[in-house]
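Scrolling down, you'll hit the structures one after another.
One chain, chain A, appears in both complexes that follow, with chain B as partner in the first and chain C in the second.
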Partner chain A sequence: MTQDLTYTRGFTPQNFEHFLTKRAEPEWLVGQRVAAWRVFERLPLPSPQQEDWRRTDLRLFKWNAFSLPEREAEVSLESLSAEGSEFVDPAMPLLDHVLLRQDGSLAGEVLFCGDRTLKHTLSDRWERRGVHFQPLDQAIGSRGAPSLIEKYFADALVDFSRDKFSALAAAAWATGVFLYVPRNVRVEEPFYAASVMLPGSSDLTRSLIILEENSEATLVVETASSPVVKVGPGGLHCGLTEVRVGPGARLRLVTLQNWDQNVWHFAQQRAQVAEQASLQWTVGALGARLAKVDQHVLLTGPDAQAEVNGVMFAEARQHLAYHTRQHHQVGHTKSDLLYKAALQDQSHLVWRGMIRVDQDAQKTDAYQRNDNLILSDHARVDSIPGLEIRAHDVRCTHGATTGRVDDEQVFYAATRGLTPNEAVQVVVLGFFQQVLDRITIDSVREALSAAITRRIRRCL
Partner chain B sequence: MTHAITDPIGEINKFDFRNEERYVYKARKGLDEQIVAEISALKGEPQWMREFRLESLKIFKCKPMPQWGGLIDIDFQEIYYYIKPTDRQGRSWDEVPEEIKRTFDRLGIPEAERKYLAGVKAQYESEVVYGSLREELAQRGVIFTDMDTAVREYPDLVRQYFGTIIPPADNKFAALNSAVWSGGSFIYVPPGEQIEFPLQAYFRINAANMGQFERTLIIVDEGASCHYVEGCTAPMYSSDSLHAAVVEVVAHRGARVRYTTIQNWANNIYNLVTKRAVAYADALVEWVDGNLGSRLTMKYPSVYMREPGARAEILSVAFAGPKQHQDAGAKVVHCAPHTASRIVSKSISRGGGRSSYRGLVRIEKGAHHSKSNVVCDALILDPQSESDTYPYIEIEARDVAVGHEASVSRIGEEQLFYLMSRGLTEPEASTMIVSGFIEPLVKELPMEYAVEMNRLIALQMEGSVG
Partner chain C sequence: MSDVLRIEDLHVSVGGKLILRGVSLEIRRGEIHALMGPNGSGKSTLGMAIMGHPAYEVTEGRIELNGQDILSMDPHERARAGLFMAFQRPVAIPGVKMVDFLRHAATNIRRPDRKEGEELLPLREFRKELRAKMEQLRIDPEFARRYVNDGFSGGEMKRAEILQMAILRPKFAILDETDSGLDVDAVRLASQSIAEIGRREIGLLIITHHERLLEYNRPDFTHVMLGGRIVESGGPELAERLHREGYDSIRASYPEAAAYGDSLVKSAS
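Right after this comes the complex of A and B.
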């Protein structure tokens, strides 16, 4: 096969062998990794003939620009900045591009730089009650956690063989977030995790978030690039995220990506919501050169609820493709999805959503909405809502709108003394307000709103 | 309004009768160059059409089957591609062979013609067996003939447009049609001519394993208008038949065209049809598309708005009953600024049927100030039935307003309760709600069709409750 040539630099079987040796992991995990690696080697790059990839152009993606992550010892923030590569600005704090980090009290914090852990804390109070919050690779070697991880990995929600990138993440994930909240534990403060990517690196992650029966938690996860002095060689991220919200549990989850515009981002995210459980999932998509994210929510028990919020803002030549799925497997479940997006410059945005209602899922109430605001003559948006209904006693609706900034609104704001630029900012922010209002975590709402405001350039 | 149906079984089988096969010519089964050349030779076609057919056959062979939509289980070698039922086309019903005439009598065509139609074409198997046009329209320069005659008598006009709106390479079934087409209507309306009454075509498949591949081309010149209505029926056979039509419509500057289809094929017909219109400046193209019959329909009437001010209105109604899959929808492509489109889709699934809306709204770069609105509503009447919605929205211009909304629901308990409290039985109430649901379609039909449509819905609804 011709494409084997492209692996010459980073993704060779020798490198993978080396990767495994260095990690010294339990046998069951090595077995899974090897199996996934075989799938990775076997699968071709997704082709534009595949419906899911038809709108996403991978022609400029080159495997040989990247390589498998190499495990390093734990490093401190300071030493890393000093060590830096030629692209990294030693004077700038490494976390400078992170948007949501907050000073308030946290239940726990994990900071990554690629596969290295920079910081890891978990308050004693929750640790004593059996909560785990740590990098997944460390959890594998810690006390209590491995059996949990083994159990959930054995029955994974994510599908390794879905595409080549998923298989790679499953084979060679270096780290990721592991959060486990035991039964009846209600954690009031948020957990926070941030990951920073260095130029030219591959960030392969796997995250596992488990809330047992009647527990409660808030988790904010964000990813960004390190500050750079000059434009670097970009980066590659392949990630698998698996979320399980147990019976009666409540999870508020925020995932924000703010990578530089030379990062390739491929993610498969799956959440399962059990009976009487609720999930509020907010997705922020601001960065990446090309992002292809599959976000599925499965409702598996009666009275399960999911609310999915998406905030997307694309500029320059970014291509952001988010595919969502609200899958109602049983009756009496509710899902509500709202994705709002703005586009500047020559950006291209794809949102493809599906509401799937299985045959026995009577009394399903599902909603799906996507609104797009086009701020440039050269942007392109593909909005593809979908319904597949196999039950009959349901209420399923979707709506999609695409338009420009309303001149009358801008004019009105201008008559109130705003400059045209300010007026547009106000109108664009107003467009996002509907989805921002649904975010119940104040600091996240404010940070996102500030990030959007910074993004809006004069676009009249 | 509900109709009292005294004999529902008799009514529902009204179109399920078959005549003995007595044909002037029946080509052998299967598809190859020889068959295509034979069809062309029998029709005495010019060289260019013969080459067009053979080239299309090559395209057909190398195109893959669509990997989406419904399951198409067709053995292309088991189909009769050409059956000639009679030697000549009748100018009056008396000239039509008795048996065929009886068929159309039973379908009520001659009666409808006397009452309110401006012109009629009736196609039986591969050929148009009857054609008429009001004298006065012919004098005004209106052409309404079958496609085969048009190739002979209006070669320049045909050659200018034929296959330009839907090239053979568009999709596998357009290629198939381009290779073996026979019959269909050709309409030309000269500048400024308004045709008040609808022109009608009626398509009938009688033989088993028959493929009907009619080809229709409608050209409405500047400022002219016309309304074309087609209806389709076939009897039930145990093996499946195929209907793969191609319909091309051109609406020149300021023209108005309305194309209405009531498709009521038997439940073993694959109905895989490509319909596309081009609208120039300030022209209006309307597709009114009702799909009640067939085993599987895949049909997405489309409008390409090529010049400023062009408009498109598409109304699609699908009713999927037992063992039926209606994969219907609409496509609008805005290629020019200041263009507007509206799509309304209504679908009903019952008795294990599946109805899917599949559509596209595309706004090309530079097509600023375009507006598009899409509304899809689906009703699912029982737990065995299925409904899908797959709308695609692609936008490459800034100053646009595009909206899409869709909903899927069952018949509301409250609506049923209300109607039953007024003394209706549950079946009556359900039928009335469904009739109300498809009201937007019925409203757009000529009166006689509206009545027929209501009857068909009532028939489809028979036995749907209880």
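Right after this comes the complex of A and C.
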């Protein structure tokens, strides 16, 4: 029952103390959390004077609307969908809001609600071969892989002190996705993780995805809000995601956020791609009241390659700010980024991309592109590509376009019997096709195009 | 009784400028009408007005399909009622495959009462039908997977328009300079294709400067437009004469219309 989910308002030292006591975690981790908490306390809210935050207005964000979650009640799928529950419409199962839930056979599945695990499976076949796939908080325990986590946390890719939200996530993360695929293990079926947030709660997560040498995996991660009316108390998500693709390994990663439109979403995501490894990373950005996501890909070994696909749709008063960085640290590496976004109503979208090529990274091949389609007079886009190139023998190209649905396209389609609505839908889906075509997981491609179709309203 | 498209005293303005100044025309299904005339005489405007382009404002006159007023209909309703136009400059829709676009279009036109979101024609059968039509029109099957008019050559675009007409099987079709920008062989192919698709099934209004498109589509009627009016109508021999002699004698016979057309061309350039 939701009454059992007691929250204390605010992020006070006492609450944090209480949080630590309840969790009873190993000392090394507690030490890290405490250090991050100090950073959290020290840092101010990001200010509009900072270049990264110039276009993202935090004035309406109030810390005291949220608090550290306590860990008392047991929550199950049934109890969340139970009748009489304060937040959940019993007619709508909790998972109706997730888009990508896979039908076929899965290597493993993890479903969270806030910091609680609702479901956790991992097929025996892969467990026997040393694969770990579980909530990160459980992976710290004896039935997980605490030494692995300790090792990677000691040398983290994410930067706790980047901003106050990162520090908070590092200090007080409650759970997250942990995937570990050992050397030479090639997992054919996808892993699926979904996290559903309750209204009014703080969802602080940390995820760690490790593919060792010559391994292979597909991971689909989705975050959503529980079914509630749009005028709920909102929610706060701060997340840190760290991805390491080892030498010769191949990872297909999908991260989709479909939060409710009153959720504050702050994420720092870092992926490192080693020599001869490849990463295909597809980002879906549909939800949140305000999203500020830093997505960095680091290419650290020769012949590493990364393909980054972004599918964004903003509406109402959503503000979605995605900052991407393709960092070529060594030569003979390749990155290819394509973000496509459509906007309607009074939404605001920021895409700020950077290709960074270090001095010794000769023969880098980097591509970066952002296309936006505006469906209303009141929507706004800031699309800012950037290059920072220290090497001289490279091929780096970038481009950005912002356009509207052309009335002549709509008329042409109408002369073939399509209604104006259908015509706009067809044109908008056509606009996204180029990026959808790059997504090699059928179910993800279909779910994204269906989600976009559902959202398009006629705004000519 | 066969279907009739009747245009009566049609006046059309674009951007406040009067382009059509009283056009009347009656086409029966199965007939071929050639509409000829110099640039700026208003031929394409007539096509756009029939299809309902929002920038083409009808200030006077009527268009009726089997007695039903079509001016009050939206463009997609007109299409579903059986009107079609092969565009002079077809519009590209990047990312949308021909097969998907045409399947959607064919569903709406064959089921005029279909609501948004209702099912489309079964994909397999539609693909089969499309493939057969493409074969008949000697179009590369690869075409179905290409994006609508995106990166098409001039000839490909025009053939794609004819293919659309073949699939949508309208009652009446306007072919707006389907020969422009094509070489001799391509025009002959287009002309043959139109004949295969259209003859006796569709009422055709063929807008053209040249005779060649009419090679396989001998018009039952020829109309000459000048300065926003149809100044002369006749049989196939009129098309032949215009092709031979050009528009000089027509212009000389209708100096006011010629001057009006010239003034529009001048103010546009």
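Going forward, the second predicted complex is superposed on the first by the 440 of 460 C-alpha atoms of A that agree within 3 Å, B and C clash if a C-alpha of one lies under 4 Å from a C-alpha of the other, contacts with A are read in each partner's own complex, and residues count from 1 in each chain.
Going forward, a contact is a pair of C-beta atoms (placed from the backbone, for glycine too) under 8 Å apart; a residue touches a chain by one contact, two chains touch by 3 or more.
Every value quoted in this text rests on a predicted model; they were computed, and no experiment measured them.
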Which superposed partner A:422 touches (first chain B, second chain C, both, neither): second
Partner chain in contact with A:224 - chain B first, chain C second, else both or neither: neither
Chain B versus chain C as contact partner of A:256, first or second or both or neither: neither
First (chain B), second (chain C), both or neither touched by A:359: first
Winner by number of chain A residues touched, once chain B and chain C are compared: B
Partner chain(s) touched by A:396 [first = chain B, second = chain C, both, neither]: first
Touching partner for A:293 - first (chain B), second (chain C), both, neither: neither
Contacts of A:381 with chain B and chain C, given as first, second, both or neither: first
Doubly contacted chain A residues - partners chain C and chain B: none
Touching residues (chain side chain C, partner chain A) in the complex: 51-54, 74-76, 78-80, 83-85, 87, 90-96, 101-102, 104-105, 108-109, 116, 147-148, 164, 168
Touch list for chain A against partner chain B, complex: 51, 359, 362, 372, 374-404
List of chain A residues in touch with chain C within their complex: 406-409, 411-423, 426-427, 429-434
Complex interface listing, chain B residues touching chain A: 68, 365, 368, 378, 380-383, 385-410
